[in-house]
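Next come two complexes built around subunit A: one with subunit B, the other with subunit C.
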Partner chain A sequence: MRSGHAWHDRHIGYLFVLPATLMLVVVLIFPAFITLKASVTPQGGAGWHFTLAHYQKTLHDPVLLQTFKNTFAFVAWSLVGHFILGLSLALALNQALPGQTFFRLVALIPWTIPDVVAGIFFRWVLNPIHGAMNPLIRMVFPSFPAEFTWLSNPTLAFPSVIIANVWRGYPLVMVMLLAGLMAIPRELYEAAAVDGAGRLRRFFHITLPGLSTIITIALALDMVWEFRRFALVVAMTGGGPGTLTEVLSTLVYKTYFQFFTFEYASAMAILMSAVLFVLSLPYIILVGRER
Partner chain B sequence: MSSRLSSELRERRVDAVMSYSLLVLAAAFAIFPFIFMLSTSFKSEAESLSLPVSWIPKHFTLQAYSEMWTLKPFGVYFWNSIVVSGVTAVLSTVVGALAGYGFSRFQFRGRTSLLAFFLATQMISGVLVIGPYFQILAALDLYNTLTGLIIAYVTICLPFAAWMSKGYFDSIPKELDEAGLVDGASRLQIFFRIICPIAVPGTVSTLLFAFLLAWQDLLWAMCLVSIDEKRTVTLGVAYLVGEFVIQWPMLTAASLIGSLPTILLYLFLQRYYVEGLARGAVKG
Partner chain C sequence: MARGSRRWIVGALVIGLAVIFLAGPAAAGEKIKIRFQTWHWGEKPWVTALDAFKDDFNKANPDIEVVRDESRYADKETVYTATSQAKAAADIAHFQHRPIPMFAERGYLMPLDSFIQKEGGQKFLALYDQAALEVCKYKGKIYCLPDFVNPMGMLINMAHYKEVGLDPTKPPANWDQLVEYAKKLTTGSRYGIGLIGARQEGLFMRLNPFIWGAGGEFLTPDGKHSAMDTPEFLAGFKFYVDLFTKYKVVPPGVIEQGAQEVRTQVAFEKVSMNVSVPQAWKIVQAINPNMKVLETLTAVPVPAGPKKMATAAEYGMRVISAFTKHPDAAWKVYKSWYSHDIQLRNFQIAAVLSARLDVKNGPEMQNDKFARVYSAQAQFAKLEPRIPEWPKIGDAVITATQEAFSGMKTPEQALKDAHTAANRILSGQ
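Entry: the complex of A and B
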């Protein structure tokens, strides 16, 4: 009777996971394979002709190279900003100070706003003539140029996009780290205080070790998200000036849906995914081991 | 003893001062673009382009908020977004919870690999699959339909939904299932009648995640919808910003109204979200 139950259970487990698995295969895995196939199919060709021409082309494509560099810088700086802001705000919010609910809600606002809207916000704020940024800076530094351009300035366009993305993304890291902080038992701090451990020692010996798993997970997830960021760039700069703020998502989108070179776009998308996979491999292994 | 107490008190005060300064600065950073948008949305178009730039509208007007419904079809965009996000939230939560329950309660063969597979699909970029998915939809006559969008969004949310609910179900004692089995209930009955009601906090966070994802997405909507009647709010706003002459008051008004559901949902339900994150994703 018992073993019969176990046999039944083993199979009914499949039924529970079947619908989700099926959808993932049909909507994500199957199209991914089609993209893989297109990436090794001659331009405009059908059937099973094999070519590596598109991948060879990617090696000599200055725009793609620039876009890869942009994406790496975008991800790296976003993570740095998210981590610094997220951790310091989580620490500040974890002290149960009066008014902390208000501050938490305000600090969360950027996250509740769609990417597109965030891009529009900063596009308008940084507008050289009618935006709010230049007058604000001129209040502090009156000699600052009145019609200073941000988003059409080749050196400042990209940092501006990164700052907008830091604004957009720090709350999620903050929320995750705050949840982690709250999970650290108070007694640990009390015991350390009795032992006479100072603020810094408590931070490095209790807080950071207690947070290490969550920090890893938060930053790894954040990396994957930022690597694919699309709407913010589209709304804020559209990739311009020129291709200076282009990231991989926007470039692949344009190559596919505006230039209609499907095969080349597919090769780019495969490269992009391969890089993302390699970058997130440590995280996958880590989480896989822990489960 | 008393000196330690006083030094501790001082330390706490320093912490509080530092925390408050940081919080005030961060709040200013978080809110400042938002305030400027709000201010612009209450201006006339002429005033939004007049100098010097003002933070408070001189002639307060709701013109932009009325024109977005009359001059542009934002009513239609809104309805589309509500349908797409609502259906996505419910479907992905149900399908994800089924999978999460399967992973949590059954030791079937290939379970670990399948879990890893779910996790790995989260790494798939939209742009990797969107082209072929677009072609499939076109072949099925589902291009330019909300159904095509919903199927995509539900699938994207599934790994997260399954992962989160698995974590949640793991924290519910298995004895409850066993009690149900003893009473002669089927596994599906146990899932829906006993486990689901307890798992509601976990479900709320998944609902919220899916709703937000669908509401905020631009990439899929941009590729799968080309006609005005099927555009979502984010898509409508993105088209406004692409127009040759941007009407900033209307664009900011539409952006703010378009963000309203996500802002409200989040403010009301953030406790669930944090709880859910802590249980589902954060707990190592």
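Entry: the complex of A and C
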């Protein structure tokens, strides 16, 4: 009887986690397995025939190579933008100012907007004929062209998408850094001030070291998010002009659903996941060390 | 934890799991529901025709209910692919002709041969446009019936023509006149012609008339190599691009403009001409109800190219899912949609040119100001290559068009890269 109760107590936890585990299997593990299987299945094939031809093809695909470059550039610039904007706003919102709560809420608004809505919004704003951007600029610089093109301009299309992405995604980094800032003891700043340290020295010698772990975690998580960015790019440019703003997620989508090459698209997706895993290793190691 | 409360918790968990996994859909009534999927549910004036069909059919068939199932134009194939893989696609779905072979190859579509045989076989099929019917066939089976056949024409704004001293009854007959008229019509913030440069299949329906009119072809006659390196292809491609880059008769941001954006430009008189589908004037009217479309717009042929008269066409098809749980009911709905009265009503409301011959050749279409012009273009219409590699090749052509529009590459270089990409695709690389 007593051992029955003990068995019960030891194993009832599994029952509690069963729904979540089943959900994980259905939503994550099963599709991942299917994708992996498809990636090693011959084109148009079925059943259990294996080939590595799709992976071999990825090594010689110039479009995929260019898209990898675009994606790395997109992620890098987005991270830089998120960090600079996120840290700046976190520092500002950490000040004891009137309306602090209100400003913190306002700063979170971009994050509440779905990707596709943000993409459409920016597409409208940057429209050369009907958009709001050109008239706004002309209010300050009247000689600015009335129908200036942003998303069709090969020089400005990519930066435009990045700026939209920075606007959309900075709150994640900001919130994490703000939490980190609030955890730094005020006494450190007071002691430094007493010792004659100016603002800049306090920032570099107290703030940044105090935030170092949070910064790594925030940027690692942000990198994972940005590597998978899809809806914003599709809504704004569709990957154009040409392939200038094509990123991996949009290419995989196009290859799967528009080219109907499911197997090759699956290989690209697995490759993308592998690269993302490698890039995420610092975060995984860091979290492991924290434990 | 007390034994009693532990039993309650375990019991609740088990019941909860049972509810989640064992509860199927609420017990169905006696009606069979047929999901009728199209992006036109969200588009005026089509939605009026669809609602009328749904209401009339449901009233006449109490045991079957046609259910509205919305898709979006941009991702209709995506949704259908994903739902088909889950064996949960809409019973009846609507596409243009391009994805039919791919869907049939993947087993997503139900062959209609057995139903057609019951209806009379060839006699039944003879009711429909035979050229369009060929598009419905794949590996010896019929996977759809042609719903509408829309050759491309041009809409022109007669008021703009008169303003600049042009005669709207004498539209541009060739490319030189097209440029000349477009330049005259480009005044201030208004532009001569709207073009599509966005990454969508609608781009081909505007680009191809110029490619083919110049004598160009996408593939060699054996279908194994790209023919995009010919002077004729370049001439047509370059002309399309030059309308924007050289003659500057197209609004800025052409790469961002899809079919609906250009129709909006027509609706708000931002452009004076537009290569369009037959139903575009109805869509323009729906976008801007204040525009007196019948008095302002008229339809004309796409100007002839230096080599020949040519235009593109859009074929609308409806398909029945291979995974429908109610094939007979689906066929009943399908057949009803393709009946004479429904096809005629669709033309009257949405202005699409029915592929059903007794409607196409009937007095309503023949006497319609817009329909008769578009319908007359059918003899010059052709389709892009119907090969499995076309989506990839088409994407390379769109890339080239955008690169040329944006000045990233010269038209010659952009087309050369597309030609190279197409040959790589055709060789299986």
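Criterion: the second predicted complex is superposed on the first by the 270 of 291 C-alpha atoms of A that agree within 3 Å, B and C clash if a C-alpha of one lies under 4 Å from a C-alpha of the other, contacts with A are read in each partner's own complex, and residues count from 1 in each chain.
We take it that a residue touches a chain if its C-beta (ideal position, glycine included) is under 8 Å from a C-beta of that chain, and two chains touch if they have at least 3 such contacts.
None of the values given here were measured: they were computed from a predicted structure.
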Based on the superposed arrangement, let me know which partner A:Thr51 touches: subunit B (first), subunit C (second), both, or neither? neither
Taking the superposition as given, does A:His60 touch the first partner, subunit B, the second, subunit C, both, or neither? second
With the two structures laid over each other on chain A, which partner does A:Ser152 touch: subunit B (first), subunit C (second), both, or neither? second
Please work out whether A:Pro128 is in contact with subunit B alone, subunit C alone, both, or neither, and reply first, second, both or neither. second
Kindly classify A:Phe259 by the partners it touches after superposition: subunit B alone (first), subunit C alone (second), both, or neither? second
Contact-wise, after the overlay, does A:Ile284 reach subunit B, subunit C, both or neither (first, second, both, neither)? first
Touching A:Gly240 in the superposition: subunit B (first), subunit C (second), both, neither? second
In the superposed arrangement, does subunit B or subunit C reach more residues of subunit A? B
Subunit A residues where the subunit B and subunit C footprints coincide 5, 9, 12, 15-16, 19, 123, 129, 238, 253, 256-257
Help me check something: in the complex, which residues belonging to subunit A touch subunit C? 5, 8-9, 12, 15-16, 18-19, 44, 57, 60, 63, 123, 127-129, 147-149, 151-154, 237-244, 253-254, 256-261
Hey, which residues of subunit C end up touching subunit A in the complex? 1, 3, 6, 9-10, 13, 16-17, 20, 75, 77-78, 81-82, 99, 102, 105-106, 189, 197-199, 251-256, 265, 270, 388, 391-392, 395, 399-400, 402-403, 405-409, 421, 429
Given the complex with subunit B, which residues does subunit A contribute to the contact? 5, 9-17, 19-21, 23-24, 26-32, 34-35, 38, 85, 88-89, 91-93, 95, 97, 100, 103, 105-117, 119-125, 129-132, 134-136, 167, 171, 175-176, 178-180, 182-183, 193, 196, 199, 213-214, 217-218, 221, 224, 227-228, 230-231, 234-235, 238, 248-249, 252-253, 256-257, 262, 265-266, 269-270, 272-273, 276-277, 280, 284, 287-288, 290-291
For the subunit B and subunit A complex, residues of the former touching the latter: 4, 8, 11, 15-16, 18-20, 22-23, 26-27, 29-34, 36-37, 40, 48-49, 51-53, 55, 95-96, 98-99, 101-103, 105-109, 111-112, 114-133, 135-136, 151-152, 154-156, 158-159, 162, 181, 187, 191, 215-219, 222-223, 234, 237-238, 241-242, 248, 251-252, 255-256, 258-259, 262-263, 265-267, 270, 273-274, 277-278, 281-282, 284
